[in-house]
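Read through the structures below before going on.
Shared chain: chain A. Partners: chain B in the first complex, chain C in the second.
Let's look at the complex of A and B:
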């Protein structure tokens, strides 16, 4: 019984999370009225990494900082800013880390080359097979 | 006939190599994952603005008895600390004694309160002490994002020209104080 009461009290108590008590920023969870602009904002938000819940995009994260970033992105897109400009602005501050979109950096060349290499390998294998069959 | 034999032998040579390929790939991936598991996790995201001028901003006052903060007020010819904190942040309370100690050493400290409200900031400062000259209120983390800061608390060393000389991520522990003083001296 005592355990039950303790568990109930645990459920009813207010959790003391280290989170701000302020409500989310105005455009954190509200869509832009213009669907085309909202799509631009959403596509960008899906490829910007959350600084609090690393491994989530800011579109998926409930962290207050992610909400503030979403709001800022929507406001800037409504003001006519290009999504790629906002991405560059964020990369200037947090580095490539903040963007999920791969860049053309030399370190990523193997990544870009991988599909071509795999296709070539497949073609080679296929050629070998066909040759053997015709023989 | 000879050519046919030679080709067959070449083929089997190739095949022998191919047989080892999966094992080699396994070894490569095994090594990759093992190094990823053994390497300590680094989740600290440093600001890329270190070494660059502060972005321009102007924030209203976050506390009743301190003025707000504008970026221009940080370029005073003398190095200063810019502390990013919040009344709702527990490690910020933990670093308060260290900031008070730095203030006693004569360090000028300004602050930005993230996603905060004036009564909460007042209560926080009344409880943990107020080492700040000015406190700006950043209700939507916009200046925090502009600074490339990824959480609270963080402390920036700002040189006399208003450039970011150093970024300390996390709370300032007692044994960090001499290092912060050294960074301030270097930014002079």
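Let's look at the complex of A and C:
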């Protein structure tokens, strides 16, 4: 099922391919020589959403736009920029949607509270059952 | 004629479903024996008709009948026969026909083979199954008719999505659907039992094999889908927390919880209301998943043949069935007697913890999947993806693994805490030594979750075999073997996931023919690049020879394929499997004059992920056979006795 969607993404990104007859971005599929920097870049890429695909990060997308963004990230990391700074820059450009890593936005607080709430609810239920069952 | 035949069979099946529902209502009200006698054959014929309609659609695809709209828009006469065949369900209408076919066939199977259930509950179950089917018949016939004709016929079809042109298409969707939709049987059992107020151990024993069967197929379907995405998408990822994947994971989580709670109900007559609730939830999750995928509500940018009308149709069905079942639950739950009490230190408690954790994960996946939708309603677009799910569901899943390891070592009813401690001593010691070894060898080099994953996987692997200690292998019941293999499969799978995320080596290069690339102990010699052609594609292929540690070179051939109908490029990764991992090589675009981009990964023990998934399914199958065999043997003996 995922494949259908990936393909759709490919089809839909085809016009973008057509428009940019430019050569692929230099660092789209080229690793930074320094492994530590490459790891930083890769960890960041894994949390940035590909804007022309369906539910894929730019770290694993064939879309040309994802390639451009990978290249940008690698160049900025090599220039010594902090990953979080690059993320903020990307969010400014493309909106919160671009980051899979949830931001500190209050609208996301319930999302982070969800596990605690669900676990507490479950524990409460369980405690009630066990209590009733002890003589 | 074939299309008309298929459509007629579908209408007839819908009419029989209506009749089946009527018979069930009449039979439950008046208890008239002739109605009770009629419902089984009606359900069987209904199932047979849906199967015939489905075979008719397969025939149309195999013949490339371009006067049928669905074939013309989704197939092509030049496709290899396997993809004509499997392309039947590679589209919206075909997959919905597969859905109703599975529902019909599952209903027929319940009518034919279910003998343990009380008669009135059985009838109510068949009535409920018919009621759900009716909604989906209506959906198919009124808004997604797969047999619609076009005049004049198209000269040729538009072709099937090339990413789907893979043997995976023949296997993954049908198994997934049989599991996904097979859960409707559990839903119908729950509704039936609520209607006749028969929520007891006998009901759980009758329902369990059906849940197990659906769960085995669902497990296989998810495993196959994950491996397919892994090798086809060409980036080495195997799970993306995509809404579509979550849609298949949620029913699986609910069904896994249901399996375990049904065992508590069958063995100890406890957790009655909870088990019924889970049975309702499991198939509800299947329906929610279908809604999310088919309505396109989560895919605001890209739509999969999305039609708002279809979305609202499924939403209405969702509301009716889930709402109806929950209302029935709320109405009848008061009459479900409280089950048998249980002690704190007991197998029951561990299974309750299993259920609790699985439900929490299910809740989190559901919330995470729906959350972007809710914020969008407030005009705020956010993404919830792998960073959230990994961090949130990961630790809970690890806790669940520990519970899974300890649970089978605790006795039913009541156990002694110090005895449990004694029994879990050996696995605990193993766990500590594994912890020490992994910590010494890779501390600081790998993330905390992969680290914990490795330690827990190895410990749980040892602990999961513990129930076999001191037993004679041949005298151990088959279902115990099933449990051990399934639990071991969880550990194997977790180990694969952790090893993949901790130790994968990635190499991106632009190489010229004649060059040799070295990574992770492998030498990859890039010999040449050459064009090759298939039935409906042409490709550029890299001929490479790879070797490790001075071993004999092995030839591998990653390809970049071009399809013309529709025009698409796909990557065919070359995979080389070794006992300790997989080498994954992808041929990319031409970088500059004469140099080709390549993506190379060495993924240690990654295959354990799917090996574990297969073991889980195998364990389920053994448990199913083990539980059922007793019934068959008894029946066979009885038959022989009467014959003699």
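Some points to look at:
The working rule: the second predicted complex is superposed on the first by the 112 of 135 C-alpha atoms of A that agree within 3 Å, B and C clash if a C-alpha of one lies under 4 Å from a C-alpha of the other, contacts with A are read in each partner's own complex, and residues count from 1 in each chain.
To be clear about the criterion, a residue touches a chain if its C-beta (ideal position, glycine included) is under 8 Å from a C-beta of that chain, and two chains touch if they have at least 3 such contacts.
Keep in mind the model is a prediction, meaning the values are calculated, not measured.
When the two complexes are overlaid on their common chain A, residue A:100 makes contact with chain C while staying clear of chain B.
Of the two partner chains, both chain B and chain C are touched by A:54. By the touch criterion defined above, A:62 lies against chain C but remains apart from chain B after alignment on the C-alpha atoms of chain A.
Of the two partner chains, chain C is the only one touched by A:114; chain B is not. Contacts of A:42 after superposition on the shared chain: chain C is touched, whereas chain B is not. Between chain B and chain C, C touches the greater number of residues of chain A. On chain A, the surface touched by chain B in one complex and the surface touched by chain C in the other have residues 54, 95, 97-98 in common. By the touch rule above, chain B contacts chain A in their complex via residues 43, 45-49, 86, 88-90, 114-117, 120, 139-142, 144-148, 150-151.
The touching residues of chain A, when paired with chain B in their complex, are 18-22, 25, 51-52, 54, 64-65, 68-69, 71-72, 90-95, 97-98.
Taken in their complex, chain C has these residues touching chain A: 90, 161-164, 166, 168, 173, 176, 225, 228-229, 232-237, 240-245, 247-248, 293, 299, 301-304, 341-344, 349, 352-353, 356, 359-360, 363-364, 367-368, 371, 375, 378, 380-388, 392, 396, 506-508, 510, 566-569, 571, 588-589, 591, 597, 599. On the side of chain A, the complex with chain C involves touching residues 1-12, 14, 24, 29-31, 42, 46-47, 49, 54-57, 59-62, 95-103, 105, 107-108, 111, 114-115, 118-119, 122-123, 125-126, 129-130, 132-134.
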